[in-house]
Amino acid sequence: MIQLYNVSKIYPNGVKALNDVTLHIKKGEFVFLVGPSGAGKSTLTKLICREELPSRGQVLVNGRNVARMKNRDVPHLRRKIGMVFQDFRLIPNKTVYENVAFALEVTGASSKEIKKVVPTVLRMVGLEKKAGMLPAHLSGGEQQRTSVARAIVNNPVLLLADEPTGNLDPETSWELMKLFLDINRRGTTIVMATHAWDIVDSMKKRVVALSNGCIIRDEEGGVYGYEC
Amino acid sequence: MNVNTLKYYFRESTRSVLRNSWLSVASVGTIIISLLILGSSLLLVLNVRHIVSTVESSLEITVFLEDGLDEEALKRMEEEIKFVPGVARVEFVTKEQALEDLKESFGDKADILSGLEKDNPLPNSFRIKTSEAEMVPRAARQLEKLEGVEQVRYGQGVVEKLLSLTHWVRIWGSLTLVVLGAAAVFLIATTIRMSVFARRREIGIMKMLGATNFFVRMPFMLEGMMLGLAGGLVAALIIYFGYLSLLNKVAVTLPFIQLVNDPQTLYRVLGGLLGLGFGIGAVGSAISLHRFLRV
Amino acid sequence: MNVNTLKYYFRESTRSVLRNSWLSVASVGTIIISLLILGSSLLLVLNVRHIVSTVESSLEITVFLEDGLDEEALKRMEEEIKFVPGVARVEFVTKEQALEDLKESFGDKADILSGLEKDNPLPNSFRIKTSEAEMVPRAARQLEKLEGVEQVRYGQGVVEKLLSLTHWVRIWGSLTLVVLGAAAVFLIATTIRMSVFARRREIGIMKMLGATNFFVRMPFMLEGMMLGLAGGLVAALIIYFGYLSLLNKVAVTLPFIQLVNDPQTLYRVLGGLLGLGFGIGAVGSAISLHRFLRV
Amino acid sequence: MIQLYNVSKIYPNGVKALNDVTLHIKKGEFVFLVGPSGAGKSTLTKLICREELPSRGQVLVNGRNVARMKNRDVPHLRRKIGMVFQDFRLIPNKTVYENVAFALEVTGASSKEIKKVVPTVLRMVGLEKKAGMLPAHLSGGEQQRTSVARAIVNNPVLLLADEPTGNLDPETSWELMKLFLDINRRGTTIVMATHAWDIVDSMKKRVVALSNGCIIRDEEGGVYGYEC
């Protein structure tokens, strides 16, 4: 599903965010990305959805080289990927409902389908009562869950979740993880960057630890930690 | 194209106009004002040109003839005059007619000319119109060379002044319009660009969710078209009714001035404003987005 | 006020101009264009008025006198005429002088008037200027009533037309300027408001960090002043040099037209533009912020 | 320091975020606000710094009624409070350094003082190398720490921290908590809304639990949890 070969990322201002990273993720896997603040977790997810281009090395998603992809193929790639952004990125003048519906609208879904699917997904993340509210009027956790709902609404083959529980209480976090497990079981590959050591520890999934832009540990059924 | 997507475009653009009401009002206001300035200037220039043409078309050349030319000679001369480049119309004026005209211009002081009838000192003459006012001086010089001509008069000095003035008015009128047109385009495009700029975050997010450039652009373009059309319509209506009432007022208080009022010209001006608003609205939005679409 | 805070205001406003370079350019562009349109129109209106006044000031009344009035009667009449409201200058013209003038106007056809010298049919007359052109018709009517007056002429018909035309030009010129001034204010204020709107988040954050309204407002106001001043300066310079070259061109190609070129008027126009740019920049920023300061 | 008497907050759209809350916090206390997503934690902190006004009841800070305060006194109140916002609220076109410096500039501090204090604070949160970067170029955790640095830079008498560790790895979180403890020991009252149950459990400070806008538990030396 995802292959990174000797990938480095140096931002225009000279910050080296990733350094010679090689990583393979198979279809249907559930991978935790862990590491200290500024380790390069978000950068890694941004390379996969082509928000950023690698400075060196190759990034392959679904067998296709992301860097050499034509501009007009990028939207099709992104529609197959569900993304939960660390900073939510909700569209400020659309309601919760409209934000989630937007991910379907870009694919050309019918309003009938949208009217059926969106409320279901909102119920899954516990936001059925907030459907008509604008993002600015939501609590932090509610915004985060809207972002999650938007990411899963069109059954992506890959879910990239960047710290999806940072603003959630433990209980809600666990419900979300159950949702993710469910989705994963139905075949969606999940890559989740997180600082929630309790969740990582008890889920016993593959853990990739980054530090200073390098992969320092890659363990199946691992626990949280980024000391070698 | 997908029907659902089409529906989305229309729903989205109308929604956006309403939700960003302040931006919409500001954009439409700028469009109205820019087009009003442009439209009024256009009408002003058209009218000045019209008046200038009217004045020019009253310019004529008078060719005074030697005394004692016979019918045949006059006929031949008329033919010759018609061959002079630029000459459009020739009219023969007898010395008697000339005296009558002179008397008329004296009004109630005409009696000082009484007694001249018997021994009329005025010559026969041709009154000549040229096809274009600018040709008067040149044609006059040609006419002087004809046989049987005693003197050629066309208001020397004044006509040259008038022609150089009207020449200026034409050139500067066109230049002003070009500059104002560019200014209107700049003002409208800037407003639209600022309005897009204020929503740039949203565009980046849409792109990250798998929207194509086209998909992001369409609602903005439709919105730009709507605002441009609305602004163009308001401007056109204001100008239309404003100009009609101006025509009425002028007809009452300045009846001697003939303004442009053929409907076709007027409709062309209004149509131009509407088209300009629509066009800049659409193209301006599309171009403004360009910068924020590279995500 | 604290010196550190003052330093902050200046540092912050210059920084903001540079960092938001696109917004700054757009704002200055709008200011320049608006002020250019306003300034050019102002100069156009001033010139049209100037020309109109020149034409008006050439209007005069001719009072034809009965024959056979003696020196004393003429003296008395002149006194009486001077008392007619609006009369500014009176000149006596003898019949001989009148015939000379008439001959001159006939040019090389003057010989048709030869022989009139012996029995000059023209009357003595007074030529009268009024203090204001509008007073010509009324003064003429008063003059008709005086004893010894045979007839009063002032180009009846034409003068009334001319006066109603110049009246219109004055009124509509002023109106146009007021409307254009308002339009310029709207355009500039809208641009500034949009530019503030694009940074509204920042304002809310500043307030939450304990900034007073004044503290948030000052850099924006200074920035508005700078942009307004820059735009006003560019517009004033363009108009200044443009107008000078126009004066030169007109002096060469249309030497018979006398444009406004007294430096004081020109400097007042330029100063006005500069002040307007500066003022709207400052006030516009302050007012635009108002809405976002309520946090 | 802070007194809330029968405070309710109903947002303009009808959402009842707080319901008859009475709470007293003394000077020098360290209080954790816990509760599920949407419980009203952020709303409570917003009432204290007068970002929102109470719909009913009285909010007193430093003995002064916040709702009846004159507009021109509000800035002085806010300058005494350090705030870490859940959504960071960094000024986007100022660098990290300038963002932190701004909190001093509003008080009219001299540039000499600013040049001395800001680097020290940035070192405390581990951002000395990122001083010249714009917020958009920071990782989530770095943004959060910038927000913390800005909140503590002018020695506030009250620190209101809304989920200050949501984007931080456990190690960095703990360093931050040590910093908070240090500040608290020097006399600053701290109110911190959080979902980090591990931190709350091991710090043994006062815990106020909110649920559905009501205080359901208020325990000195308590642990995380919001079931009664």
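A few remarks follow.
As written, the chains take the letters A, B, C and D, and residue 1 is the first residue of each chain.
Here is the rule we go by: a contact is a pair of C-beta atoms (placed from the backbone, for glycine too) under 8 Å apart; a residue touches a chain by one contact, two chains touch by 3 or more.
All of these numbers come straight from a predicted model, not from anything done at the bench.
Note on connectivity: the fewest steps through touching chains from chain B to chain D is 2.
Chain centres here are C-alpha means, and the one lying farthest from chain A is C. Separation between the centroids of chain A and chain B, computed from CA atoms only, is 62 Å.
Chain A and chain D, compared by their mean Cα positions, are separated by 28 Å.
Centroid to centroid, with C-alpha atoms defining each point, chain B and chain C lie 24 Å apart. None of the residues of chain D touches two or more other chains.
Within chain C, no positions touching two or more other chains are listed. A ring topology is adopted by the chain contact network, closed into one cycle in which each chain touches exactly two others.
Chains that are in contact with each other form these pairs: A-B, A-D, B-C, C-D. Remark: chain A residues 49, 51, 72, 75-79, 81, 83, 85, 89-93, 102-103, 105-111, 150 touch chain B in the complex. Against chain B, the residues of chain C that register as touching in their complex are 22-23, 26, 29-30, 33-34, 36-37, 108-109, 111-112, 116, 121-122, 151, 161, 164-165, 168, 180, 183, 186-187, 190-191, 193-195, 197-198, 253-254, 256-257. Residue ranges on chain A touching chain D, taken from their complex, read 11, 13, 15, 34-38, 42, 86-87, 133, 137, 139-142, 145, 162-163, 166-173, 195, 197-198, 224, 226. Note for the complex: chain C touches chain D at residues 2, 4-5, 7-8, 16, 19-20, 199, 201-202, 204-212, 215, 295.
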